[in-house]
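The two complexes that follow have subunit A in common; it is paired with subunit B in the first and with subunit C in the second.
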Partner chain A sequence: MRNDPIKYFFIWPALLIVLGISIFPLIYSLTTSFMSYRLVPPSPPRFVGLDNYASLLTNPRFWQVTWTTSLIAFVSVAIQYVIGFAVALALHAKVPGERLFRVTFLLPMLIAPVAVALIARQIFNPTVGPLNELMTFFGFPNLPFLTQTYWAIGALITVEVWQWTPFIILMLLAGLATLPDDVYEAAALENASKWQQFWGITFPMMLPISAAVVFIRLIESYKIIDTVFVLTGGGPGISTETLTLFAYQEGFKKFNLGYTSALSFLFLITITVIGVVYLAILKPHLAKHR
Partner chain B sequence: MRKMLLGASAVAALTLAAGGAQAACEPDYSGVTLTAASQTGPYIASALQSAGEEWAKKTCGKVNVVEFPWSELYPKIVTSLSSGEETFDVITFAPAWSPDFTDFLAETPEAMRQGAAWEDIAPIYREQLMVWNGKTLSQTIDGDVHTYTYRIDLFEDPKEQEAFKAKYGYDLAVPKTWQQYLDIAEFFTRPDQGLWGTAEAYRRGGQQFWFFFSHAAAYTNVPGQPGAMFFDPDTMDANINNPGWVRGLEEYVKSSKFAPPNALNFSFGEVNAAVAGGQVAQSIGWGDTGVIAADKAQSKIAGNVGSDILPGSTEIYDYKTKDWKKFDEVVHSPFMAFGGWQAAVPATSQQQEAAWNFIEFLSSPEVSGKAAVTGGTGVNPYRISHTTNMDLWKSLFTEREAKEYLAGQANSLAAPNVVLDMRLPGYFSYTEVVEIELSKALAGEVTAQQALDTVAAEWNRLTDEFGRENQLAAYRAAMGLPPK
Partner chain C sequence: MSIRNLNGRSRAWALIGCLFWFLFTLFPIYWVIITSFKTSLSVVGQARFIPFVDFEPSLLAWQELFGGVRGEFMNTFIASTIVSLSSAVLATAIGAMAAYALVRFPFRVKLAAGLVFFVVALGGYLLGANVFGWSRATAMFAAFGLALLLSLLVNRVRVPGPILGNDDIIFWFVSQRMFPPIVAAFALFLMYSEIGRLGFKMIDTYVGLTLAYIAFSLPIVIWLMRDFFAALPVEVEEAAMVDNVPSWRIFTGIVVPMSTPGLVATFMITLAFVWNEFLFALFLTNARWQTLPILVAGQNSQRGDEWWSISAAALIAIVPMMVMAAILSRLMRSGLLLGAIK
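And now, the complex of A and B:
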């Protein structure tokens, strides 16, 4: 039975369908990225080789949006991880009201990003927003949260942290639940302090899941568009524009399909490079604690 | 005998019923289903839906309104037109897309282009926006021109009038010039009272560039030089960084200083909210502002909504002579921002007669008049009767509000120096760079001249990329100029 060729008869169609569905769009997009192909004004597809890539790589806007996206992704994920780990540890330690906290902390993650952005836009509103009202109450001036570059990037990072820290909490809490008790008991017998237990046991043992969670969040953060679109529209200028918003502008406002496809692949390459570097940096640490 | 009588009665009843049905179908489009493409509602789509239902009752035909998100509408239409498919019988679209569609559209029937209903359409639409290279190819179904809105209670308060005159040396009144508009904005900027001088859209991606164009139109649209505001209509060189445009941008940026603190994040929706919330003394924008501000259910200033034509200027920069032309009287150059939704019939439609009949019905004085005063349809006045039939507007405005609102609309559309928005292939490529540079200028990162120099360079690059000859031909056609 094991060598019966009939098995190929059943497997190949399914395999081809799966490959077709998942690979075809990528191949189509890759092919388009080598074309000069615009819907507005309509121009028939024309092979231009690597021109779209060269044009993007020499476009200062591409580098600025890559920098902005990276800044938002790395800073927000770092903050999410620190807060997420702290909250997960607190919840794992069964603080009073832990069940209520657990549900409450998860709520932001369940809200659609556009809705979160709308809520944030109201909170950051300088005239009727509660944040600036509070600041006014304490005698501070109104701050241009969404209209000056640094404040706007800070606001975007804050919203990201607010919405996605619960994801980190959830994942790390699951990881903490799997840690064996006997290791801690042995450490306690050796009079290891809580701090020593954290750095000597918890953190190293949580490293694999931490690495995975941070990696997932990094990739997801690079795709940020909803909150930027609603909160700042990418402005002022292009100072808060992210890679995905840039791709949206090129693809769905200017209908520059060839250029947008090239941008998508550069985006993919950027993510891949970050992923490879990230895993390369972590590899020795992961191997050490395996 | 009884059977015969019953049979005769039945035949008579059926005949009457059939006759009645025939009378209801006028003209009779029984069995005809029109597919109409629209952006996702409620704006425009709801007007199509309700007109479709009425049209169905009248003609026994059916209208199937297919809605697409804004970003999907253009590609759906352009691909169906260019592929020659008979996907839609009626398309509704932004005027900026006209250059890409006109080759594929059926001409408006001769019968529709005459009579009182035709003459009732404001000439700027009938003779320019609906016409492409001498052919009428679309029907305006929404009017879009920027007008001015102000608070009557503030402007007519004797104390305010006295204080204003003492400070500026002239009477507080509806501004004739943009300088007066800025004076008024400065005068009413009182954060401690929760009052600011003006509200405009300043947000990137929030219709901001149309507001800037309204300022710039006053200084760049030289009477007697049609179509020269955006580009030189002979060479297609960008005019957008000349001193007239720079002045327009400087004043647009200055106006933002007299707007509520969050105004740099204002789209048109927030402008309307600020006006209706009584936060600002005046504003500019589309006709929706007056309608929303006059609505008691959502406005704090209902009953005090004044309207007028946009401010103008006594000097306009002439790009040919490269100096400022002086005028004895203020020249108003109201800007037809966006231009208003168009409806057209693809040449591939097999239901062209019924499709044009539906468009005629949709844009008829009665149906469009009702839509214009119905909130959420997105239909603003584009017929003369829309601005003269006071009865239509009584449900929305007080008599004075209605008079001013309609006069503002009518005077704008009829202004000798009214400015058409540009309609060019690649429109959003051109306007995107304007948006980016505007938001930099508003944030103080670049000067007005630097911002517009960047825009001009990019516009010239885009024109070369898209083909200067093609762009020039489209631009001239859009501005109603003969081909070169």
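And now, the complex of A and C:
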């Protein structure tokens, strides 16, 4: 650590932009969350205290939406992490065709979620989609991929896994490249099996970057909207509706600004709690391997 | 041949797994490409997989697309390109600078200063807008400036309370990313409209959208670049300091070249995020600076089940990112970006 006034020149641009464009609007919407404020039909802002929060917490729809979002986020990130780590290990160990795989495996991450959802709608089409063709071959024609709750949630998770496993592959590959070879040479001298090497060396040393990557994905998954919006529209009923989609319906279909602001602050609290618990669970493990 | 390479059976299993994932990854992309060459005849009835064998390919969807039947694709494409390239470059540059400062220099921010910023910004805005009867934008600007000044002042003087270090500042930056974008997008829309009433047009302008995207990308850039910078050996920089090289020269001349792979990876992720971003573009643009995802999403509701034209539209949004990935992976492979680390 060294001291030099130039550090302010380095940090101020980022600080100003974040303060002005991210923090300041939030303060504005925090004030809105304590008001009854509608655009359609227009009603002037009126202070109502915690009424918006109270009515949300007693709304069963809020709890169902929170549950659906958590289910999609946790299941899809768990699958992404397991597959992503396996693929990253294989690529790092120079599996045949590794160069080709490296390029193709990153592609899904680069595609707009809106476009992915449009493609998924075609593939999951229950009558003329290719997946139906495959399932018909196995004897299960016309499965209700997008029109029955658990099938639809499964479809959403599949799309999430397809699109975001590449992010985990990319980050873990970068992490694997920084691991020193000498530890493995020592382990090989001791006749440690590949399995032992993984649990004894690779996994612990990759824990910090794993923790970061899973954290990012978890938080991002909670914000899911474009995929759901195009793929199921929250249906059937509201059974695949996520928090952001719920906020969209309240805010931009009903223009209920106060209620939507309160909803988003509850959403923020939920995410903060998840984040803090996550870091608290991981902290002892991270400290051990520093 | 590295010590960590696989051999024998495990190599074969790894290959089988990778091949399976390869097919899973590529099939949807293959499907959207062939569907864009179908017509209504080859979509109904059953799924058709192989062009020329299963169905007769047609250029209908593409002719309609470039013929302008489906809206202004060219303008939207150019707007999307300009906005995402410039915001990705700026976010990576600004974020890398901040991350470097946070890794190498000590910062001390008093918690009290942060609280002062929050309270003054909130109270100043409410006072200005409701008591003094200023326009909302004027109240916002006044409150923002005042809050910034007062918090800087508080940070100078002796006040009780905890002092935040570098890790806390990084956590603060990264935590911006946790906020649900839907409320940020709408609050920003309201803020921009208020500023617009003062005569500075922000909605549907290049500046407004790019600023929003930079702010939206900074947390992730800082998080990623912090890890890359922290992994760099500090000895090289210390040697340069002994020779009295100024800090900014150390940054541009030594640190940036050494961390090029990290910078490129971060740039690529930021670019993809911005190019594909939906919510901010939806609320902050309406015509001139509308981006591709908005236009593509519109196809779904406008065209019903005309899968061929929807596929062509989706491909326009997909292809540039694929081309970029191909170019960047070439650069990576050629070792051009490996720099001084090896």
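General observations
We take it that the second predicted complex is superposed on the first by the 269 of 290 C-alpha atoms of A that agree within 3 Å, B and C clash if a C-alpha of one lies under 4 Å from a C-alpha of the other, contacts with A are read in each partner's own complex, and residues count from 1 in each chain.
Throughout what follows, a residue touches a chain if its C-beta (ideal position, glycine included) is under 8 Å from a C-beta of that chain, and two chains touch if they have at least 3 such contacts.
Everything numeric in this text was worked out from a predicted model, so none of it was measured.
When both complexes are overlaid on chain A, the residue A:V40 reaches subunit B alone and has no touch with subunit C.
Looking at the shared chain after the overlay, A:L146 reaches subunit B, while subunit C stays out of its contact range.
After overlaying the two complexes on the shared chain, residue contacts for A:K253 are found with subunit B alone; subunit C is out of touch. If you count the residues of subunit A touched by subunit B and by subunit C, you find the higher number for C. With both structures placed on the common chain, the touch criterion links A:L282 to neither subunit B nor subunit C. When the two structures are aligned on the shared chain, A:P236 is found in touch with subunit B, with no touch to subunit C.
Overlaid on A, the two complexes show subunit B and subunit C touching the same residues of subunit A, namely 121, 129, 132, 229, 252. Those residues of subunit A that touch subunit B in the shared complex are 38-42, 121, 125-127, 129, 132, 142, 144, 146-149, 229, 232-239, 249, 252-256. Listing the residues of subunit A that touch subunit C in their complex gives 1-4, 6-7, 9-11, 13-15, 17-32, 83, 86-87, 89-97, 99, 101-116, 118-123, 128-130, 132-133, 162, 167, 170, 174, 178, 181, 184-185, 188, 194, 209, 212, 216, 219, 222-223, 225-226, 229-230, 243-244, 247-248, 251-252, 257, 260-261, 264-265, 267-268, 271-272, 275.
Touching subunit A in their complex are the following residues of subunit B: 71, 74-75, 78-79, 82, 97, 99-100, 194, 203-206, 260-262, 264-265, 279, 425-429, 432, 435-437, 439-440, 442-443, 445, 466, 470.
Of all residues in subunit C, those touching subunit A in their complex are 2-6, 10-11, 14-15, 17-18, 21-22, 24-29, 31-32, 35, 43-47, 49, 94-95, 97-98, 100-102, 104-107, 117-118, 121-122, 125-126, 140, 144, 148, 173, 175-184, 186-188, 190-191, 211-212, 214-216, 218-220, 222-223, 227, 231, 241, 246-248, 251, 261-262, 265, 269, 272, 275-276, 278-279, 292-293, 296-297, 299-300, 307, 310-311, 314-315, 317-318, 321-322, 324-326, 329, 333.
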